[in-house]
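Let me begin by presenting the structure, written as structure tokens, before commenting on it.
When the chains are written out, they are named A, B, C and D in that same order, and each has its own residue count from 1.
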């Protein structure tokens, strides 16, 4: 941390800052520049709130130097994390891309089983589907709850696809583990710290979506909650952030992929369905995400999008998904990645 | 809802749209303009996902006409909602402004009792303090939990201040009700729909903070979850949204106050502490919020901000809070509001 | 500037950074912390591009310490700048608030003269009106050009109001000076550096509006272009920034007022008309801006808003403006400011 | 346009709206729904300001139906526009991608000639370089002016590369045409309507960059200014928008590529250098842009980025650019595009 003093600050004020910083357990270096005096505070004290120094007289601003995240960073673990979706099954983070498909919400047994067979045939390794739906409006379809989980599990077993489903509460974290292979934490819950802890205390991998206006630091700190609670198998997911743009529901920000890969060992996939909000944009966004280095995609597929119960405007038909897979495969090859389903010996992806 | 067809759409496509809209239980009017044909769909079907129509061939876009919120709107209830913080005690939403103060986190018994007496003397009607802290970083202070609630309750009883504290889980909603007068739902949980439901199923008033990038519609829909679950006593709170601005932690958007007052009957207060993130901005932001029509303020006050455990940079000393109260009182009078503690017969605020 | 090295950086990389920084004419201090080595570079070299250091091997990031603006800052001039709108006339930046009113565009001689008399009677000191309209759409009304300037000048003379009008090109800077008292540079031209230079090379005061997504630093740097070109009489104007909010056209960010007042000596006013985009929000936004410490307001007033040629939805009638002035006056008094027209001996405003 | 009346609006208010809409030359259809009455206004009157209706009593909101842009839209011209950078030379908008490289600023004759030869050898078809630099800070390097243009022209002739350079004023539009093949209008000038007009009145193609917070509609309306002034050869360029993200200077929003291709016939390229602001992100962003359907790239290349005069942190070395070109070529092939320099008979790109 660097404390920048104002030009008119006094020696007494400087001394007071040095004292407070020392109280925090940090050592100080004073540098007197042409226009400013700064106090460089050395040491790693993530648990003290350093904004306190802002309240001292004569302080212009505080500039942090260390990133606030740690166990998610490459400093702690250089090699990339490869997450097995099922024991010995497909992986995320290796050379092979993991493509997950499925409807926004599980609507019926037939619906989810049909979609599962269709996407499996197109090359997907995971099946998504919401049983508990966190809907913006209380008037919208809220999901089939545990019945939906049963259908999902059946569809997963019938096809061998790894089952992804969203958890909304600490209780879900236990219950869902009986049916699903991967627990998903949605964008709206990225900073639901109780939920992050609960997801960290169970053993299934966790797919963590970026919050609608979360910075990269907040995203990685959310992942740290899960890792610190005991679960190292975190898959990050970029799903678009909120900007002023109105032609898309969210703005997929692909530059977070190289940014994450520079500082973290965690794999990251993209959600082009929520990341755009419109079916016609899903294919270009999918190809772009893979070209930018994503480790996989999670895409909404519905047998009859015109009659889907939720997020209908962004769902692909199984036929459109199949066509997309052919195109994504070509882009994957052009960046030295493959699309086939996971094997045990995945090599780390190039980043 | 208006469905806008593309210029090159066919009659068959138009008929298909009319059929789908009719299936949804809506009646249709077709208007053939100079450049576009549009289908106006009449009726109130909030529970169907109309974005489904986007997937139909020949559709350019869907334009909603009805706001998605209902019980929070003035259409359902014209007169302004006045919330009693304690039975027969101070109110929010009437002519009198409710000022709530207190530290970000309860750190010790002495701290919270000292602050309570200080802010009471300055004219506050509520005491805030976090017992469970949802911190961005897992390395930050996480709160005193139930012990903190006990201290809060004691401070409330000693001073007569209404106690506000944040709930993070459904369990908290029950437990906290034994200690606090008002349950607070933080910005990060504004779309934690399970929590909203739980808060709606208990009887204490709820202070609902706007999410960091929530639209006004999403904000009011979150309030509707609480109201629909049985609790009409919702106080909205603007606490700043995330923008590109870097000189403030969040951008307090005061225009949401007249916007909410135009469409909703719910009271709305402002949080100038989180809404700016810097102590030096709290006074101007407080005065501005009252001038814009806010029904109250929630302000962070700490006996020793330089040593505060959380959000230290935005906490006021009790002396600074007292000075602020004098200034806010003058602005309140200039907009025909008062600052004195609540009485039973509050008149609705002018909006 | 602080250069933060990566944990795995080598001594050779550190030496290379030190050499490059030294080449820039800065002196270096190396601080070896527990997790990072940083190079503190001391000296004031605003004309070198320090992002170059980012390209060096082993560099994690560059952290600037000095603000990039200088002559607009309080370090160079402590006392607040008070700008005279006309020689010996009303001022901006003193204890008295300057309220400027008028239509978005000059539409006819009668229109502008009628509005001028009306707002003068309500207590305004300035008259605004666009002769050259920078319209987003080429199909929109583009203004009366020099004819409009003539009408403005006539209305100014008839009422004694200072005339404000927008300049779009370097040529306008000369021409407009013959008719107007204050040159306005619009949000879309805040970084039109040729125009800023031209405005700095003439002698009339300049009203500089913040760009739609400009940071405070960019805003003050734009002011520095004008000051450095020879014109110290710059009035800043907050007119809202672009965010995801959709219930207002722009989001007026009032926290920029205390932020500017903390670092700069320049006066700052607010534009609640463009800053909200809707007539019903103008009054609360005006009162809030004054409460937050603005030195004045610029408000759109039109004799017949229903038939206005541009930005019709945000224009007030003269009667609504008169009512607003009564309310603003009360808020002004509550923050120790006054609304009466300018006298010669203005005292600096409290900030 | 749809005018939505409030639930409590009267028949007199409805009649007044109908009268005003009729005055505008539009015909009206009244639809009485369950919750709202709406007035659908039919006709194409882009030159009247319809927000005026907002001021009428009983009006809740105005909903536009027609997009405000016209000549840039596919309704007016179905086939994609292919722009020749030089007569009979390389094109933008056809099956072949146009890659443009070069330094942010022309710094010396040798620098620009060296870069030109290097990028030509790597497969670029255009050379960029700024002679007049619009710098945020008045203390930054401002460019070599006409001398820089001479060097650019020489480098273009020596290599056969099409020369791109930025214009800042109406005068530049004339002068630059003597040296350059394509006039560039920067993000900060996207709504400098006088400049757009001037660029439209000369015959060289125009590269128009999206403003830092411009919507797609504003972007296309800016293009319409140029087209309406007589110049149909407009190349759009996405260069990132401003969001809250701090790990990148701007957020490249690739979803604008399919969005533009859906509604407009104009070609669109991407600027991954300004669109990210960091050299390490340029390669993934370049590959992503091509995968998303961009018609080309404009990339900053500098022989010695560590000593570049402007935007140093985002410049590639010629060697890094060469490596990038090899990778981009593979992605281009995977989406059925090619990288070779332009021929006369380009086929339209698939969109």
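Note that contacts are C-beta pairs under 8 Å (C-beta built on N, C-alpha and C of every residue); 3 or more make two chains touch, one makes a residue touch a chain.
Values in this document were obtained by computation on a predicted structure and should not be read as measured data.
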Chain pair showing more contacts of the two, B-D and A-D: A-D
Chain whose Cα centroid lies at the greatest distance from that of chain A: C
Centroid distance [mean C-alpha coordinates] between chain D and chain C, Å: 27
Geometric centre distance via CA averages, chain D-chain B, whole Å: 39
Interchain centroid distance [CA atoms averaged], chain A/chain D, Å: 31
Per-residue overlap in chain A, given as positions that touch at least 2 other chains: 213, 241-244, 246
Chain B - residues contacting chain A, complex: 20, 46-47, 49-56, 62, 68-70, 134-141, 168-170, 188-189, 191-194, 211-213, 218, 221, 224-225, 228, 241-242, 278-279, 305-315
Parts of chain B lying in touch with chain C, wherever the complex brings them together: 213, 215-216, 241, 243-248, 251-259, 262, 275-276, 280-281, 284-285, 287-293, 327, 330-331, 333-335
Complex interface listing, chain C residues touching chain A: 2, 4, 7, 29, 31-36, 38, 40, 42-44, 63, 65-66, 75, 242-244, 246
